[in-house]
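Here chain A shows up in two complexes: once beside chain B, once beside chain C.
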Partner chain A sequence: MSEPQKPREEQGPGAPRVGVDEWVATHEQRRQRAGGVWARLGEAWHRLPPWAQLAVVVVPAAFFPFTTESDYLIRVGINALLFALLALGLNIVVGYAGLLDLGYVAFWGFGAYAYAMLSSAKFDLHLPTVVSLPIVIAASALLGLLLGLPSRRLLGDYLAIVTLFFAQIFITFTTNGNRLNLPWRDTPVDLTGGPNGIPGVDAFDLFGWEATTTTSYFYISLVTFALVLSGLHFLNRSRTGRAWRALREDPLAAEAMTIPVNRLKLLAFMFGAATAGLTGSIFAAVQIGVFPQNFELPLLITLYAMVILGGAGSLPGVVIGAVTITVLLEILRSPDDARLILYAVILLGLVGWLRPWRSLAAVVAGTVVFGFAVHALASAVWPRGVERTAIGGEGALGWAIEHWVLLPTQPGTLANVGFVALVAAILALTQMPRTWRLVALVPTLYLAAFVWENKLVFQPSVTRLLLLGALLVALMNLRPQGLLGTARVEIV
Partner chain B sequence: MEARRPLLELRGVSLAFGGLTVLNGLDLHVDEGEIVSVIGPNGAGKTTLFNVVTGIYRPDEGDILLDGESIVGLEPHRIAQKGVARTFQTLRLFLNMSVKENVMAAAYGGTKATVFESILRLPRARREEREVEALAEEKLSFFGQRLVGYRWDQPAYSLSYANRRRLEIARAMATQPRILLLDEPAAGMNPAETHEITELIGKLREDGGYTILVIEHDMHVVEGISDRVVALDHGEKIAEGSFDAVATDPRVVEAYLGRREATTK
Partner chain C sequence: MVEVPLAVNSDFLLLQLVNGLTLGSVYALIALGYSMVYGILKLLNFAHGDVYMMGAFMGYGVLVAFGGPAAPTIPIVLLLTLMFLAAMLGSGLLGVTIERFAYRRLRNAPRIAPLITALGVSFFLQSTALLLFGPRFRSYATFEFLSGGVQVAGIRVAYTRILVIVSAFLLMLALTFLVNRTKLGKAMRAVSYDREAAAMMGIDVDRVIVATFFIGSILAGAAGVMFGLVFFSVFHLMGFTAGLKGFTAAVVGGIGHIPGAMLGGLLIGLAEAFSAGYVSSTFQDLIVFSILVAVMLFRPTGLLGKADIRKV
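Right, the complex of A and B next:
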């Protein structure tokens, strides 16, 4: 009779046998030890007390204004902080309570407009910030409550449509709010300034101290951010946070476990709206004015991108998502940097996806050769197709592009056709068998470079959103839960 | 013998979904400290009975009294706060929360700290947080070593099926109920686990002091735990009494197996 085979011991005879309770208990540690530097960093992070975690984020940020003379860079910093605040607020509604609220930007806009009305020459109110800010926050929360009341019984998609409608109404209202006809008035009333918005918003006035410099707004944003972040951290670990997550998981079971689901949904709406309103006030003061186009749909999409990228439900995640995307969008404004990022991302993508190395080398070499061949052919038969110099093309990369990509003098129509062809080619790629895909990848990559150099590079505002979209599509495939999110598991 | 008063009482409760009558003039009572089993073939209205009692459905007719007080029309979380807790036939845990958090979430109704107290970590919020955590650990230790220690911090989805059933019971206990409604606690369990559940339900009454209304298909469990058995068919009560009396009742046999004439023809 043979001995039953013993499971392989991990380390020495003292270690627990595979599968027994003690072994299962330490499984997470073993997995983390196997995860390398990142996993160990994550572990160290989780061991820090909450105040130390906050300090790790806030203290380096506090030194940021000392490192630069550039007003522009500090403004980017303010933007990143404001977006982080907005993402934190959206995370309450979407990440914790699981309500798909597409009207969220309207609360931001409402906060900005409310502050602008209370503290500007518009109605000659000029309330000090310490008075107007609490009013704005309370009014935003109230508006959140009002939107939540009819919406709380709507689920999923239906809630999304109703809140999206609300966001659109807000834009329409602010754009046309300069000539409101009221029944008891003979002349139209100007409430929002219409398309011209409300200019000349007062600076923040905190007990007599006026925030006049960009740096002071950076610190105001940073302090607000730290306060909101720590508040949400504690709220998340309280009965309310647990109840929010419970209702996201299973509203019916939550209700049966003494949790007033409808009231908590309203509370989530109110907290999200109040955070957005507060952020809006700072935004209005930083921009010294508010305009309807500040609060349109692309912004909502960007915000969702931040929450999704970072991982809905994770506080550090949405902060990282917000900062990453703000900084990325700024970098992508310059064609040179954007080009570098594009080619780097394509190359990294190829390195990440293409296995074995032989295929990778073949595709890269093939693309390079293909490009030079096309370029040489075009020089011979169609000289006008290679005449133009690359936009912002300096240095080695610029030279390479001018000798590799077709740069026609009149790129218009050809580039548009190329763009459509590129989209079709990418769709076709996903449907092809593997060998054909490798072959088809070569002209597709070249087409991408062609479209980039002849079309997208002229339209940075559109291009950066396209790139952002591509980034998110790639991330959703690699890591659906976002950078720091936890994968949701369902048992059927 | 002392006269026990009904803790839960249903009087002529009827419910129809469109033209389909699910509960038809149902009278039922559960006395304080009693374990009552509800049996009946599939579609007899057993789970609907639970849904009506916990407020998910509102009965078309009739009244439901908890300790003499009507609970008809209250929202489900109010009914739960008044002391009616349940488990679900198809498990409905908060799968992506930790085991301990599942139980702590159910203590919502028993705590009072406002959001502002929680954000500012004021004394009441901190004290309640400690109490809720202790409560969760206590309820989880009810199942011996199965749900304690490292399992506290594991996500609920990582538990085995039997442990998920146990966690549902622990979660229901954390609402501090007076009456526990258990919907098929032994469904999908193997014989050893079924035996354990039988003992557990007895222990729930002895140690926990709960009154228990249980739906169960496993007749060994029903026989082992019940003070009284109620048989339902087509939303009507067809028999009530001791296990032996109900199990041999011709109407119950007919509901499960059909008429003798039909089988021998």
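Right, the complex of A and C next:
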């Protein structure tokens, strides 16, 4: 072997320390040794009893609708809650049981469609919510069971591909489900309304009380969220929860301990599907309709980013991840706010990562000077390169951008080249020795600003996916336990 | 289901056969990449389908650079060769880059970690393509030379299809030779059999893994150009479904098994062509999915795969 395998320690902080007993033994101590505000907050949080933890999250949220008049903000709140619910459901499958469910969005869609079929003018059923909701939840769980069955004997990878395929077929089916030709019927049957979906879904009807306002849906979502969260808390501590974790850590050992591995996997899968179905029903009622394009695959990566960012397996982590990402994605819609967030995140990242402060100051100052130098040079030799005004460029930041970043009149090809160069530069940065990395960071940062102002800002929806994809790769490589999860220790 | 052409028409049957073989060759080439990587790393590389998509776009880039499909500035044979070379080399490098930066650190991590990373890479590549090339379908319209065809038993088989089937066959032949007859192939087989033991025998595992990614991605890039030639257009989402079909083909044939991937690819291609021709083109995915589920239920090791004995 020309290049011997490196010792495990050098494989980065995220790599599992296989067989390093001392590391395992001192793991708890090192975790507690971490100081700072966050650690103290974390300790205070852990000292709270579970009901108080729930109250800390739910009570401030309950006052949220009183603080704002805007219907839009309350809708963002509902979105955040629904995403948190979805992420909690996905966390059962991914975080507890360690299964890769890529058809999760389809279960959500199934719940929404099922609710829309049972409680709307589509088939003139108009079942009250208290009847249709249990049906939807049971049906979603059953669907999860059916889908899990063929892959039950097999490894997790097969489950991933079966579920991913299922998600694809779900979209095909809902989009084309308005003209199904059944062998025993002469005329095509309209089941899902095709691309137009099912409009006019009934409002939630709980024992005669109809939810009509956005605020009432906020509270319905919040109550559901609190219920699901408490349910999961108990589930996590139950025999089943412990068995799931045992299974995730080491399926072989779990099996040897007579834990019924297959049954537990299916159970986790069903719980996830049921949660998704429940959330789907609320979603259908909030949106007063369901459409195939609500359940497309980009949502899947959003949900995975939420679960992984917060820390798979940790309930508060998943909730924080869901809320953070929902809010961030909402902010990314406006170019002005997105810019602010981008530069703030870059700066915060630099502050957190660059030590000592002298190199931080050098990099920041270097980038600023570098930018003005490039800009001055360009306005001398290539006036067309600085002519355009920045998108949403009001205020001091907009002014600074216009005098710092190159804004060519027709950025097309140059921006594409810049994008490819930026990806290459970031990859190269990870491989450089430290001193060179600091030097190379300056043009890379400038390049990032250039690509953002000339390319990404025009396509917010693509940028979203791009950033989420990059976030997943970076998180899994650098900090697989997410923000709040505990590092998994693999013991061989 | 819809207006079934009840009269069993032998020309129609033959046409679907040719369609199926063409599609099947493309799927087989994709399936090989999945299967090889899975055999060595036990990693389901979701990004493989997107490498194939990128390969198709690289071929398209060469096509545009030399005057576009309507008025190529260099001889067509040379242009085609260049397209294939650029796509294959480009995808190969892309595959190696992905392995180096996204998967290498996760070799010993819990199995779900590289899978989630692969998902991230796949979405990253998809949105990169969307960002760079836009959401439009890009036309790979036929060349003069390739628009002709030969008459075979009553139907006309286009030159493009012949080109695709023959070149896919040649690539698979080359791969079989490489795996069975060369030192690298021997090393690959050894690593896929037992990585640790292979490392102890002095095989540079990292190099073998890089070579596997490179070869698999080369095949995917070639498949991308072939798809463009046969179906005239490429777009940023083409990798997703093709990836699913390719993986299904690998599972049907027996994952980690190279002739299995080829057989599986052809079977899936034929199944899809016949279901599109005789049943419904909308639900052809559903039929492929049913095949996948059926294989998993009744023969989880695939058609040619051997039962895997798990070592503890």
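The rule is short, and it goes like this: the second predicted complex is superposed on the first by the 437 of 492 C-alpha atoms of A that agree within 3 Å, B and C clash if a C-alpha of one lies under 4 Å from a C-alpha of the other, contacts with A are read in each partner's own complex, and residues count from 1 in each chain.
Note that a residue touches a chain if its C-beta (ideal position, glycine included) is under 8 Å from a C-beta of that chain, and two chains touch if they have at least 3 such contacts.
Being a predicted model, the structure only gives us computed values, none of them experimental.
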item: Touching partner for A:V131 - first (chain B), second (chain C), both, neither; value: neither
item: First (chain B), second (chain C), both or neither touched by A:V439; value: neither
item: Which of chain B and chain C A:V59 touches, first, second, both or neither; value: neither
item: Touching partner for A:V261 - first (chain B), second (chain C), both, neither; value: first
item: Dominant toucher of chain A (residue count), chain B or chain C; value: C
item: First (chain B), second (chain C), both or neither touched by A:L252; value: both
item: Contacts of A:A344 with chain B and chain C, given as first, second, both or neither; value: neither
item: Interface residues of chain A shared between complexes with chain B and chain C; value: 252, 488, 490
item: Touching residues on chain B, where the partner in the complex is chain A; value: 54, 56, 75-77, 80-81, 85-86, 88, 92-97, 101, 104-111, 113, 115, 118-121, 125, 128-129, 132, 145, 149-150, 155, 157, 171-172, 174-175
item: In the complex with chain A, residue positions of chain C that touch it; value: 1-2, 38, 42, 44, 46, 97, 101-102, 105-106, 108-117, 119-128, 130-132, 199, 202-207, 240-241, 244, 247-248, 251, 280, 282-283, 285-286, 289, 292-293, 296-297, 300, 312
item: Contact footprint of chain C on chain A as seen in their complex; value: 1-3, 5, 8, 11-12, 14-16, 18, 94, 98-100, 102, 150-151, 153-154, 156-158, 160-162, 164-166, 168-169, 172-173, 176, 181, 183, 252, 297-298, 300-301, 304, 308, 416, 419-420, 423, 427, 430, 455-456, 459, 462-463, 465-466, 468-473, 476-477, 480, 488, 490
item: Touching residues (chain side chain A, partner chain B) in the complex; value: 21, 24-25, 231, 234-235, 237-243, 245-246, 249-250, 252-261, 267, 271, 486, 488-491
